[in-house]
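Take a look at these structures.
Below, subunit A partners subunit B and then partners subunit C, in two separate complexes.
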Partner chain A sequence: MDKILRIKMSPDQEPRTETEPIGGYAGFGGRGMTSAIIAKEVPPLCHPLGEDNKLVIAPGLLSGSAAAMSGRISVGCKSPLTGGIKEANSGGQPAQVLARLGYAAIVLEGKPADDKLYKIVINKNGVEILPGDNLKMTGNYDTVEHLKSEYGDKICCISIGQAGEMKLGAASIAFTDMELRPSRHAGRGGVGAVMGSKRVKAIVLDDSGMSMRKAQDPDKFKEANKKFVEGLRQHAVTGQGLPAYGTNVLTNVVNEAGAYPTYNFKTGRFDGASAISGETQAETETARGGQATHGCHRGCVIRCSGIWVDKDGNYVTKQPEYETVWSHGGNCGIDDLDAIAMLDRLDDDFGLDTIEMGATIGVAMEAGLAEFGDADKAIELVKEVGKGTPLGRILGSGAGITGKVFGVERVPVVKNQSMPAYDPRAVQGMGVTYATTTMGADHTAGYAVTANILGVGGNVDALKPEGQVDLSRDLQVATAAIDSTGMCLFIAFAILDQQETFQALIDMINSFHGLNFTADDFSDLGKKVLKLEREFNEQAGFSSKDDRLPDYFRKEALAPHNVTFQVSDSDLDTVFNF
Partner chain B sequence: MDKILRIKMSPDQEPRTETEPIGGYAGFGGRGMTSAIIAKEVPPLCHPLGEDNKLVIAPGLLSGSAAAMSGRISVGCKSPLTGGIKEANSGGQPAQVLARLGYAAIVLEGKPADDKLYKIVINKNGVEILPGDNLKMTGNYDTVEHLKSEYGDKICCISIGQAGEMKLGAASIAFTDMELRPSRHAGRGGVGAVMGSKRVKAIVLDDSGMSMRKAQDPDKFKEANKKFVEGLRQHAVTGQGLPAYGTNVLTNVVNEAGAYPTYNFKTGRFDGASAISGETQAETETARGGQATHGCHRGCVIRCSGIWVDKDGNYVTKQPEYETVWSHGGNCGIDDLDAIAMLDRLDDDFGLDTIEMGATIGVAMEAGLAEFGDADKAIELVKEVGKGTPLGRILGSGAGITGKVFGVERVPVVKNQSMPAYDPRAVQGMGVTYATTTMGADHTAGYAVTANILGVGGNVDALKPEGQVDLSRDLQVATAAIDSTGMCLFIAFAILDQQETFQALIDMINSFHGLNFTADDFSDLGKKVLKLEREFNEQAGFSSKDDRLPDYFRKEALAPHNVTFQVSDSDLDTVFNF
Partner chain C sequence: MPSHNTAELKLTVPKKMISFMRLLISRGIRLETRPGISVKEFLKTVLPADENYLENSIQTIFMNGHAVDDPVQTLITGPCTIALSAAMPGVFGAAFRKKGIYSGMRAGYLQNSSGDENNFNGETVPVTLKCFNQVAEDLGNTLLENGVTMDIKDFENFWKPEKNVLENRALRAEINGSPADDVSEVAGLFEQKTTMVKIRVVAEG
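Right after this comes the complex of A and B.
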């Protein structure tokens, strides 16, 4: 994993590839790699869909090794949704495969003159750029079927659906899972639109003939990995809650906490929560012959995913995540898991961020395009995106634009990216993260639900402003570091609570790379990444005024706790004081 | 003109009015008044369509007097299009009438809970707020007909069309002309959307029984006004060019200079320019029985407007302005004055900014929604806005959103407001104004075409960066002052070139108000207004990075001169050094 692959699109000549040594980017992986390349090579004021933007796809520092949980991949660019730097993170197989093929990053550059589509095939023999027009306006599922019939079932795929081709702000990039289904997505910030602007429909990866990446000190690495896995298994969240009920274990928890954004962030509790909870979801999956516990990539030991099947036992989609169940469910007043699964499937097929789309449908409902709770109409609306109608293009452009086009005032976005499944009034630490992260509203950037609600990594009163800035800052730093390793962010539950599990992670990195990383070094890595990102955003025109929630979160009190967002602007402005 | 009328909308009670003394706002008029009120009373981070935004309508310091040219009115708010402060300026009768009724400003505040529409009737007896639901989704022309049948033909009207009711980013506010037609518009920045968000459909003004505002020193005032008018009559632009051919006298001039943005800013000359020039327009109007020389308000001595009639002599619209003829004409490759007049009429009826709409159609053509030059399709597209279809809502939201929704990279906007009819590469001083004005791309904010092309107020090479910042700065300061007087901006041609005409203006202000204003005081007034506006924008989140043209203006050379925009970023950042 010592080389960088550049795919160069150009208006003047045929697309070409260049492979170069990792050079100055050595030591970066995952989000660190994507943000380092974007910060160094992309002019902050360029058009996100123009030739100067780049799309970087990078496995993590431990991806492709035997390290458990190391199958996450980062996608970076200047975001068409936020206008700032973006890292969107996905599970699936490609991280491991790309790492084993030796690539620390794929960089899509430039822009072709015409609308022809391409596909890229990467295997042990090298890289080929081939015509892809036969896949034009094909959904991710059919696209992968086409590629499977052509290249066999040992491949894995990175692809965009119709939304990416249309360059919409909510467009995601799909990564295939263990069953070679395009069910894992780098969802946020419109990364799929940037891939679409480069006219790359799909990247096919095949690591046949390549071997697992080897540690510098195999014995120490094996030992550390063992301790790490033990630590994950013994923590209540990673060892029990997530395997049993998936991320959707959170529905009942967050709803109980009065922090579950319902009816487009109007109230903090949803009457239908139980019907769409992780418990109900797992039970239904098991009863129908789906799977309630399943990994999104080989090497996962948490296995928080699952397989959702219809009443006849036919595959519909992977188990919809908590965020998706919320966005298309409670946020829109919908309490029907089958409808939510269909919306998830459509999003995955068209290549859309499920969080952005659910939030968008919520705004559309507020605008009167559908009644809250009308699942059929919600499905119809998402189908419009796949058809590419004007209405579909509006919705596929995300909640911010939908709000503008329909004149809606209550639009839950920061930096034009929609908020995820925690109301910032009732999880104030999350509000700090939404407001200040370089990414636009993003729960994964500093998941304060830990100490605010779950009692993980300490306890900070969710309803009060005190302590939230420090909490969010620490989590944002830790997250930027974890996102560089290729590790699933869910390891954070265990490493926040269990010092020996955190040490095992450090030991894995050290024994694998022959380093002497300390806990402080790990933290410094996170700070370095955040600083790169923050500086890019400043150069792109962001000021402290962009680190704010929409003003209605300070004005409208949220039931049942009747709280408004209380963290002061001046406190928000200290998050990056490190 | 010593009182301020506040129309207070509220979710909790019936709309009510309050009249208060001018107080601390004394000395402000027009743009100075609107910007002072917005800067002081509107939270910069509020939602533009929310209860905290205000819509201010203010005649100028000399409006309602016998001063020639004093019939301009300013509309201010936080703009839903740019997110910054906004002053949009219009001709028509209301400035004079409102001033004679004694109001220095009308301020629409708050927001009602429901969607009911209101109309406001103001006459010598006071103010009434009445139901307006009978006018729902009615175009400006029919709205005014309704009001005329109800209140007689001595009134004048301020109203919004369908676009304002839908709260679209390109929505304008219509002001009736001398013939009681809603043909003059405060076009820019979506001011109509803010009026729509307050649910005020129309304001009816009747100054029957009121008299002209009197000067403190009537003799001196009369004398100054006489000199002022003489000055306007003797200058080539205000005395000959504008009266004969209207603002559209510029088509041949700007096209000849290679600065006429054609095909969505792809080239600087349009083959069809002659067919849509002011000369052709005037000739056609005269031949058909329209009018080639006509004022937009009583007291105008330039009379740059006209009446456009169809082949059978029936009224279609007022003579489309240069900017409109360009935006719907050359910018879209359309060389048919009848089609352009129809587009102007539709814009006026729906209540849309003609500059924004033409630029939007240009972007839509680049996206493939129509061929450049297809006038029928352009008309169809604008009609979509009136119908309120999803496509119409996209287009009515302006060029920026249309570009995002359709994935177009070449979108000629600054601060999300579309550029007017001068390519910033071939009129580099205009580029400085577009980039730096507080308003978003706006030609009227600092009309560098004067010294760049017309040889008015000096000569600065239009194709070179040297001298442009100083030129734009001086013009921006002067404009902010002129926009405070209620004077038509076209007086600038004469006062820039003729010291005695400028002095006559100062003498008018002094003799009217009993002041001892100097030329420096006039300039200081302009600086004060600009500083208020700039500070508001900074608080709203604007940074120097927002004072930039889209990057393609630095990369794509414009034919025929093959120039790119050359003024450096560091020079742009000195515009507000005063």
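Right after this comes the complex of A and C.
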């Protein structure tokens, strides 16, 4: 994994490829790699859909090896949704395969003059850029079927659906899973629109003939990997809760806490929560012959995902995760898991971010385009996006644009990106992260929970606003560090509680790459990545005024606890004081 | 004999369906206790679980939607809802965990609240208990075998959407002590004036 592949689209010549040594980007993986390339090579003031923007796809530091949980992949660019730097990450098979093919990153650059579509095929023999017009305005599922019939079932694919081709702000990039279905997505920030602007419909990867990446110290690596897996298996979250119920285990509990944004963030409790909870979801999947425990890529030992089938046992989609069940469910007043699964399937097929689309439908419902709770109408609205009707294009541009077009005040976005499934009035520390992250409202920006082990954090007063700011800062740093290894963020729970599991992770990286990383180096890596991202955003025109929640979170009290967001602006402005 | 506003229902279900019936526990079962009892003491009395389970497996406790950090110090002084969860993922899981280092991520509202009505004067306090996720899985079978009482509306909300599935699954029902000819008769309970239902679930096969 010592080279970078550049795909150069150009207005005056045929697309071409260049492979170069990793050079100054050595030591970076995942989000570290994507943000380093974007910060160095993309002019912050460029148009996100223009020739100067770049789309970077990077596996993690341990992808392609025997390391457990190492198959996440990062996608970076200047975001057409937020206008700032973006990293969106995904599961699926491509991280492992890309790494085995030897690439630390693929960079799509430039822009062709015409509207022709291309597909890129990468295998042990090299890289080919081929015409892809036959796939025009084809959904991800059909696209992958087509590619499978052409290249066989040993491939994996990275593709965009209709939304990406239309360059919509909610467009995602799909990554195929172990069953060669395009069910895993780099969802956030409109990364699919940037791939669409480069006119690349799909990237086909085939690692036949390539072998697994080998560690520099194989014995030490093997031992560390074993300890790491043991740690994940013995922890209650990674060994029990996530495998059994997936992330949707949170629905009942967040709802009980009064933090479940319902009816477009009007209230913190949803009466129908129990019907769409992880417990109900897992039970229904098992009863129908689906699967309640499944990995999004080979090598995942937590397996927080699953397979949702209809009443007759036919595959519909992967198990919709908590954020999706919330966005299309409670947020829109919908308590029907089959309808939510259908919305998830449509999003995946058209190539749309499920969080952005659910939030957008919530705003559309508030605007009167549908009644809250009307699942059929919600499905119709998402289908509008796939068809590319004028209404569909508005909705596919995200909640911010939809709110503007329909004159809605309650639009839950920061930096024009929709908030995820925790009301910031009830989980105020999460509100600090939504407001200040470089990514636009994003829960995963402060998702990792590693501060005590990483040596950041320390003693904070839990009930003071400054405490919330400190916690959010620490979490953002820790998350950036884990994202930069390319490991699944869910490992964070086990390494929070188990020092030996964290040590095993460090030992894995060190023995694989022949390094001497320490916990402090990890923390420094997170800070470095955040600083790069922050500087990019500043040069793109962002300032403290963009690090704010919409006004109504301070004014409208959230039931049942009747709380407003209370962290002051001046406290928010101290998050990046490090 | 059932009281006039509590119906009694005994369901005999195939063993593999017991996990489905456990979903009832997450909707809330009705219990009573004496006012002034601590949350910890209450849980010790009503749950089929030992000290170690209460301490380590139940990671998050809510009382009326507020996270409880100290179940020994938090008293039940008025009608309330208590919800129990095993370890949960994410910042949320960490923030709402008992005495977790991320409890500062929660809202600034008062925690360890001791129920809605501090001046409650009754001899017993009604408590709605919800068990979520792994807690329901671990304790639900015993609770259901012993019988749980719940609001008939909550039971209706559980039963109706799954009516077809439930009625096709070789279930047998006894309603107020009399065997029902068909399990579909359970729905008749929703038309009556009873407000509560006591449900016993027996697994067979």
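A few comments on the model shown:
The rule we apply is simple: the second predicted complex is superposed on the first by the 559 of 578 C-alpha atoms of A that agree within 3 Å, B and C clash if a C-alpha of one lies under 4 Å from a C-alpha of the other, contacts with A are read in each partner's own complex, and residues count from 1 in each chain.
Basically, contacts are C-beta pairs under 8 Å (C-beta built on N, C-alpha and C of every residue); 3 or more make two chains touch, one makes a residue touch a chain.
Not measured: the values here are computed from a predicted model.
Between subunit B and subunit C, C contacts the larger number of subunit A residues.
Of the two partner chains placed by the overlay, only subunit C lies in contact with A:258; subunit B stays clear of it. Shared-chain residue A:515: touches no atom of subunit B or subunit C.
In the superposition on chain A, contact of A:561 is made with subunit C only, not with subunit B. Shared-chain residue A:240: touches subunit C; no touch with subunit B.
Of the two partner chains placed around the shared chain by superposition, subunit C is the only one that A:277 touches, whereas subunit B remains out of contact.
On subunit B, the positions that touch subunit A within their shared complex are 43-47, 49-50, 52, 80, 166-169, 193, 196-197, 389-391, 393-394, 397, 401, 404-407, 409, 538-543, 545-546, 548, 550-552.
Residues of subunit C touching subunit A in their complex: 19-20, 22-23, 26-27, 57, 59-60, 62, 65-67, 83, 85-96, 101-109, 130, 132-134, 136-137, 157-158, 161, 165. Residues of subunit A touching subunit C in their complex: 235-237, 240-242, 244-245, 247, 249-250, 252-254, 256-259, 269, 274-275, 277-280, 283, 286-287, 304, 422, 425-430, 433, 443, 446-447, 449, 451-452, 457, 460-465, 467-468, 470-472, 475, 490, 493, 496, 560-563, 566.
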